[in-house]
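Structures for review follow.
Note that subunit A is present in both complexes that follow, paired respectively with subunit B and with subunit C.
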Partner chain A sequence: MKRVYVNEKWCLGCHLCEYYCAFASTNEKDMARALKDIRIKPRIRIEEKDGISFAVSCRHCDEPLCVKGCITGALTKKDGVITINRDKCIGCYTCILSCPYGAVSPSDDGAVQKCELCIKTARGTPKCVEGCPNGAIVFEERGE
Partner chain B sequence: MNSLKYVIIGNSAAAVGAVEAIRKNDRSGRIVIISNESHHTYSRPLISYLLLGKTDENRMKYREDSFYSDNKCEFLPGITVQKIEPGEKRIMLDDGRYESYDKLLIATGSSPFIPPVKGLEKVKRKFTFTTLDDARKLDSVLKEGQNVLILGAGLIGLKCAEGISRKNVRTVCVDLSQRVLSSILDEDASDMIKKHLEKSNIRFYLGHQVAEFNENHAVLDDNTEIPFDILVIAVGVRPNISLLKDIGGKTNRGIIIDERCRTSIPDIYAAGDCCECRDASSGEMKVMALLPNAYMQGECAGMNMSGADCVFDKAIPMNAIGLFGKHIITAGVYTGDVYHEADGENYKKLFYSNNRLNGFILIGNIEKAGIYTSLIREGTPLDTIDFELICRMPGLMAFSKEERASRLNGIA
Partner chain C sequence: MAIEYIYPDYEIVRDYNRCITCRVCERQCANEAHEYLSDVNKMTADNAKCVNCHRCVSLCPTRALKIVKSDHTFKENANWSGKSIKEIYKQAGSGGVLLSSMGNPENYPVYFDKILLNASQVTNPSIDPLREPMETRVYLGAKPGRIERDENGRLKNNLKPHIKLSMPVMFSAMSYGSISYNAHESLARAAAELGILYNTGEGGLHEDFYKYGKHTIVQVASGRFGVHKTYLNSGAAIEIKMGQGAKPGIGGHLPGTKIVGDISKTRMIPEGSDAISPAPHHDIYSIEDLRQLVYSLKEATAYTKPVIVKIAAVHNVAAIASGIARSGADIIAIDGFRGGTGAAPTRIRDHVGIPIELALASVDKRLRDEGIRNNVSIVVGGSIRSSADVVKAVALGADAVYIGTAALIALGCHLCRSCHTGKCNWGIATQREDLVKRLNPNIGYKRLVNLMNAWKHEIKEMIGGMGINSIEALKGNRLMLRGVGLNEKELEILGIKHAGE
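Moving on, here comes the complex of A and B:
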């Protein structure tokens, strides 16, 4: 199972992953144009303090508390990826209450949002990984 | 192992959790689900969103239409279980038939409590608000401009008030408690939510009870008269424990279960709102009638019923509730020292003692609340994290470098 791994040692704190994430959920071809004048709401977020920074997004847990606690059945896990059915989600935020990573967040349309490894938008590699200029975010298979 | 037969009484979150767990271990054993409702499994907390028009009966199904067939379950809807015969390992149904079991799960949920108030029998249009049928009935009589009296300003009563607000009704809430949501908020937070609800045209009579009902008006204990067209009774729920109690199983307010979701009777498990179990945040035995706990108890029971050894000892009180656009997230118990932040829109209180976070209340800004929940659930020693930082800003930054590497980089 491929996962996103984050190594804070290589993180520059440039926030590009956040921009690539926000870009991934638009249908535009050009990033600058897609994100011009909007306040982005990315599914991956940088935490930073005192020169330390790292990106946090959904870990697609083996025991996903967000899925188990979801009151509507909108959050499901299939083939290792936790996805949200935005049509079913009513925005109760039980998943935000449950997620130990803080990786589920409110969105503008009432449903919650989270990293879905770009399976609904891109092919192969998640956009945040593609866009990270320093290899601080990788998408790989590791022995578990 | 011979093929086992699993019988589940109930068809909501705990039952679904059990089915999904059993099928991880046992693809072939028979699973029989018996429900006294006649609906496909649906999410009960969504009934207020149904009235509000934010969901519909199809979208509020808790699992896909193919759930029973995918999991090879025999679903018996509209059937009530009369009794359990543990000696014979069978249950008797209301049509006189028997169903045998090897492993039995009681996931019977809870029922609305109807307080014994003088004159209540004179009220023709009175409703409870916990099931899909309740919501359908209420919706069918509710008309624009009507006066609705809701008895109870707790989670159910207030979600009902929000649900029916779509029809422009005039809603009055009466509660014996001085505060709204008194089971999950402290005084200041209750005040803030009450003001918010008043702006949404809900009126309150708090610290009062109804002394007497007439057909279309209630008289409070201070003689205030409240006229109404429709009465909703939402003063609380009681766990459905009689099936186990009747055969001498250990019960208190709820069915007593251990950390493996076993009852005191062999091969009988229980999960969900009908149960009482240990609250990991306070150590006390409690009924914690909440959907996430129900699912995880059901899952734990299902694992153990199908031969695994699974422990669920992390149930804590926790709630996520939105009311008229204001979001509230709470968890744990409110004891110990307090960290407090508030402005007009947002409210945060963290309660801690003995190096542990005991509970929290967040209103408005609820982002990353789960990080606080995890501190309670895991009993994280606060001296191993940057507590001062996490109070202000929930995040992984407050954890040690090693802990961050383990969580984000898969390096244990």
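Moving on, here comes the complex of A and C:
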């Protein structure tokens, strides 16, 4: 199963992944039009302190606490990817509280949002991976 | 200062309709040209800090940025250019020597651009490299003057040590110090994958890179930084640097601020001390002295490595090369006046030395006339910009070429010529940790490999078109060249005919 992995060594803290992520979830063709004058709510976030930075997004855990805690069954794991059914989500935020990585976040329409490896919006490589200028975010198979 | 004499050279133009204030420009500019104004949620920029390196432009996700040359102007004057006036302002303010980086950018003739290549038509068939074998491999080193046989008539192996290259291009000397660890790693790994060589420059060899030794030329320069027996034996060849095209007659000076950590260890000098390379080697004042160093190095490596002597292309280059060819050196490297540098006095860079095309042609001719061309191989550098330049250099008589600037451009360099500030936004000419990591060698080495493979394809196409199937067969074949717009003297020195002849 291919996943998004982060090479902290090469992360520049440029935050471009956040913008490419936010852009990926819009239906716009043009990034400027999509993200102009809005405060973005990306599903991947850069954490940085003391010159160290890295991107954090959903790990698609083997034993996902968010899925376990979801009271409506909105979060499910299929083919290794944890996805959210926005129609079922009631916004109780149990998943947000239980995710140890802080990778689930509220969205504007009440349902929670999280990285779904761009499977709903794009084909192939997730946009954060494509947009990283320094190979710090990779999409690859690694031994479990 | 109350009076700002110099108006910025460049203007950062931002299309506010496209700017999404992601602040990547601000975060990526080591010169701090961009700034985020939180009260109005807008980006702004200080043009005076911009060096035109395009880092922000290249990373801006919405293409909201471009850098333009300022059209602010002095009163028109064909004699006093804006550049000359600004340089005077600078020096009147600082009292110092003007510093510059990378190669001579001034408007001198580029002879490669006035030379055209031949191709076969009708009477001799051209060769399609996609269908027929085509050889780009070259060997550098002294060639035996005659075939020798033992008492049983068997061939004696009288070959001197050689360098084997998969194509006639090597990465030229750039020291660890002048360029970053990641830049060095990219060059070393690319050279190893391509079957060519890179050059340590005079900063010694970082212990991590000894494993690429078979693809390394270790340099011995006037500062002798990082030179020891293991170092000499770790490379495929040893280069004595007598001069550099960007600054002939001038030594080097890596400021103490850059002599930190591994660089201090690799150079074998204390942290914080200036690394000063004297202009001359203090033990070389004649060809005889040079010969002593050549043989000292051969002795230290048990005569297993070819020795290269690198000189800058200067007025008497042919005579100097003739001396070097008799000094026991196996390879002569000549660096033209457009060769790059991490820092050089502007006046030296822009006004000293001669074009590599003329130097190469005259050295090759002189060595052939004197019957000593086989004593040495000739490697030329100093602005080889494309595979066409490689082919033209080989036809003018070079065995191989060195590329430095072209390799750095492949790694992301945008020729902003600000290496001497140590704030390279592309992670190449800097030692600042946060900037160095911007060059990921996993990406960098691949880009170098791509560039060289592309050139190799083009070289094959070009020589195939001439009906030649081996780069060695093109060497010194000046009949494959014609000049355009050159005068009689230039044609005579280049040893080529004019187009139409």
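General observations
Keep in mind that, in the parts below, the second predicted complex is superposed on the first by the 144 of 144 C-alpha atoms of A that agree within 3 Å, B and C clash if a C-alpha of one lies under 4 Å from a C-alpha of the other, contacts with A are read in each partner's own complex, and residues count from 1 in each chain.
Operating definition for what follows: a contact is a pair of C-beta atoms (placed from the backbone, for glycine too) under 8 Å apart; a residue touches a chain by one contact, two chains touch by 3 or more.
From a predicted model like this one, the values you see are computed outputs, not experimental measurements.
Because the two structures share subunit A, they can be overlaid on it, and in that overlay subunit B and subunit C fit beside each other without clashing.
Judged by the touch definition given at the top, the superposed model places A:Ala32 against subunit C, while subunit B stays out of reach.
Looking at the superposed arrangement, the partner reaching more residues of subunit A, out of subunit B and subunit C, is B. In the overlay built on the shared chain, the residue A:Tyr19 is in contact with subunit C alone; subunit B does not reach it. When the shared chain is aligned, subunit B comes close enough to touch A:Phe54, but subunit C does not. By the touch criterion defined above, A:Ile90 reaches subunit B but does not reach subunit C.
For the pair subunit B and subunit C, the minimum alpha-carbon spacing after aligning on chain A is 17 Å.
Chain contact summary for the complex, subunit A toward subunit B: residues 3, 5-8, 47-49, 52, 54, 56, 59, 65, 68-69, 71-73, 87-88, 90-102, 104-106, 110, 142, 144. Taken in their complex, subunit A has these residues touching subunit C: 9-10, 12-16, 18-20, 23, 30-32, 35-37, 51, 131, 133-136. Against subunit A, the residues of subunit C that register as touching in their complex are 17-20, 22-24, 27-28, 41, 59, 61-62, 64, 433-434, 437-438, 440, 442-443.
Listed in rising order, the residues of subunit B touching subunit A in the complex are 13, 17, 43, 45-46, 49, 54-55, 59-63, 291-292, 295-296, 299, 318-322, 327, 329, 331, 366-371, 373-374, 377, 389, 394-397, 401, 404-405, 407-410.
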